[in-house]
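Got a structure for you, written out below as structure tokens; questions coming shortly.
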């Protein structure tokens, strides 16, 4: 029972680290800069698909083996080769992970950058949200239909996490958890520093009033593109860890509901507050577990309820309650941003609503 | 392309296009009058489909009763979403993105409640019990009573809606509210009542569209959600403002999904799994290249905006 | 009918524009509210119609508070408002705009009212089938006033009816307003164009920084050129810009 609890905790914390990365990314983009990324799933999925490609094409080469086509009739041997390399060539495994992270970050960052530059042509404010949402679905349909990426509908399995060669599942999952948590912690520190930097202040000014910021001679488009670049890099790293954690890459994991999960975390925790994003990620991770346990309990007492259904109903309710009663989130953004309004009007005594 | 394939795909285009038009009109109406890009519209559609299924299983097999009750259920769900969620939320003056999230949340709750219910009552993989009759059977084409229900009903409904908006006092007030809500308030129009009626109307069309869509395909809790993005594509192609544009957009999207896809498959070997991406590509291209949609070409008195 | 404002603090969100403002509009009079940009003239009108946030104080019609009423209720009490910009429904044609204003009358009443409107506002009548967005500035203003008038108010508030109009059109607008006054309507006009307003109105309120700076008859105001100069910020009360 003790071991079980430990394993649950490790799984929980690993997932928290991954969720935290996703939430930090969205908080940076929407919470700080006001760019409504309704296509978060696609940037996470770029990390996942990159992992699929490097672990099937690059890894054998790094280990000095012949590449076996990962789909179709050779699916079995390719899978076997992967697991064997992950078990006995730690060097190749780590190098491959490092390369995967770099490629995923580069691709995702560039996509984020260019999507944001193109999106400038959009007329209404919510069009960007729609383009990102629909763009994500388009990528997913493409990957699902085009075999070479992740073997279409089959997906790619047997992507072991980088410490699998230790031969001790407990130890390797603890090490993996530590790796994920430390990356998340570093990202958090980075985000905090970014928010406090002049660039962070520019982003907040832009969120409050793009026109005024532009009139102050700031390049609004470039600032938005830069923040999308940074956010997309973080999301892609989360995607790499996400599939390393589950060991399986399927396009079905990166649907609109994943994007919504991340939005729920950020709205719950507090838009514009990095600590809020972390809290939101933690609460949602725990809630996920609890609903799973509750569902099992209910099923045992003969109440038949699918876990995912309950979960999404719950998420919907959380979103509505938060937006209705506490739109600033559990941990609101700390200091009120200076906006042009405050600078232009004299400090009139504020009269409370009657 | 063989004529049989061409004709069949064209019939599909017309059938699906009529349904898209019906759904896209609801989206456009909410967009203009309520100023909300309403993603929960998908679940109003699904509700209509499930009502049709349940009515046909347990109550009556008369198409009039089935479609009527589906329409009613869509209207009721839409109105209660408005009264319980959207109206209190809009009083908080949330940003467009937050309202977008609210509509997502409402949709999510409805969708998974329908999942739970259909799981519990074992409604998966059941068909709406309207007996199938084959009315035309040629070597190249088979037409059933389903086609002859879907197409005329949705077209009649679209025309009725256009007349309501263009010719009646209520339609005039709805267009006025869409055009300038503040002035509507100042002139003493009963803005809340018009909003509620708009929700009833969009919900009713969504419910009807859902029942018809359920006849065309089959009923499941993802029915509306899977249709909503093509429907948004249609509305955006129409410029999100004009009725004529929206209707044209709906048929164009359906044409691309069916006839164009069939042609691409025939001539380039593109597999049908890419079919779902076609409306998305349309959305992205239109928003980037011609965000005003088709309305530059089409003008009508029933338009909600220039 | 007596519209009165007492100790009003109002504005938008956290921005407090009107500060402890008290004034009342006498029945049957033509009152002008003057003042420089940002003095709160439009905010006063908007708070009467529930379009600005009222923080404290009261707005009463014959002693009954109207702060919590919605637009329909305010209009049914006999108030009408013609806002400054966006005062017609651009996407609807002129006829439809007018019909919207007569929406609470029966068929016969509507016909009679529209006939009367044609007589009062001949400019508008000629363009019934055109979309309102194609009207010229003067026609637009006339249509907006006609729409306000069609709800048969006893008191009509107008926000800068002369804004952006050529001088001869400004005169037309004021002549029309005087006709309405002769019908017994109480008029309240917010104006930038102080000279035109002072020439036609009876009473004057001048606002500055959300407070009442002058209240009195138009004659008293005109004689006190010094006050006007300092209050309106220009020596030439006729124009915002020196000619």
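For reference, chains read A, B and C in written order, and residue numbers begin at 1 within each chain.
One rule holds for everything that comes next: a residue touches a chain if its C-beta (ideal position, glycine included) is under 8 Å from a C-beta of that chain, and two chains touch if they have at least 3 such contacts.
From a predicted model like this one, the values you see are computed outputs, not experimental measurements.
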Greatest separation from chain A - chain, by CA centre: C
Chain centroid nearest the full-protein CA centroid: B
Between chain B and chain A, distance of the C-alpha-averaged centres to the nearest whole Å: 32
Chain B-chain C separation of Cα centroids, rounded to whole Å: 43
Between chain A and chain C, centroid-to-centroid distance (C-alpha), Å: 54
Residue ranges of chain A touching chain B (in the complex, touch as defined): 30, 36, 38, 118, 121-127, 129-131, 134-135, 137-138, 141-142, 144-145, 152, 257, 260, 263, 267, 304-306, 308-310, 312-313, 315-317, 319-320, 323-324, 327
Chain B - residues contacting chain C, complex: 169, 172-173, 175-176, 178-180, 182-192, 301, 303-306
Chain B residues within the chain A interface of the complex: 37, 85, 88-89, 92, 94, 96-98, 100-102, 104-109, 111-113, 115-116, 119-120, 229, 232, 236, 271, 273-274, 276-277, 280-281, 283-284, 287-288, 291-292
Of chain C, residues touching chain B in the complex: 49-51, 70-76, 81, 83, 86-93, 96, 99-101, 103, 131, 133, 147-148, 151
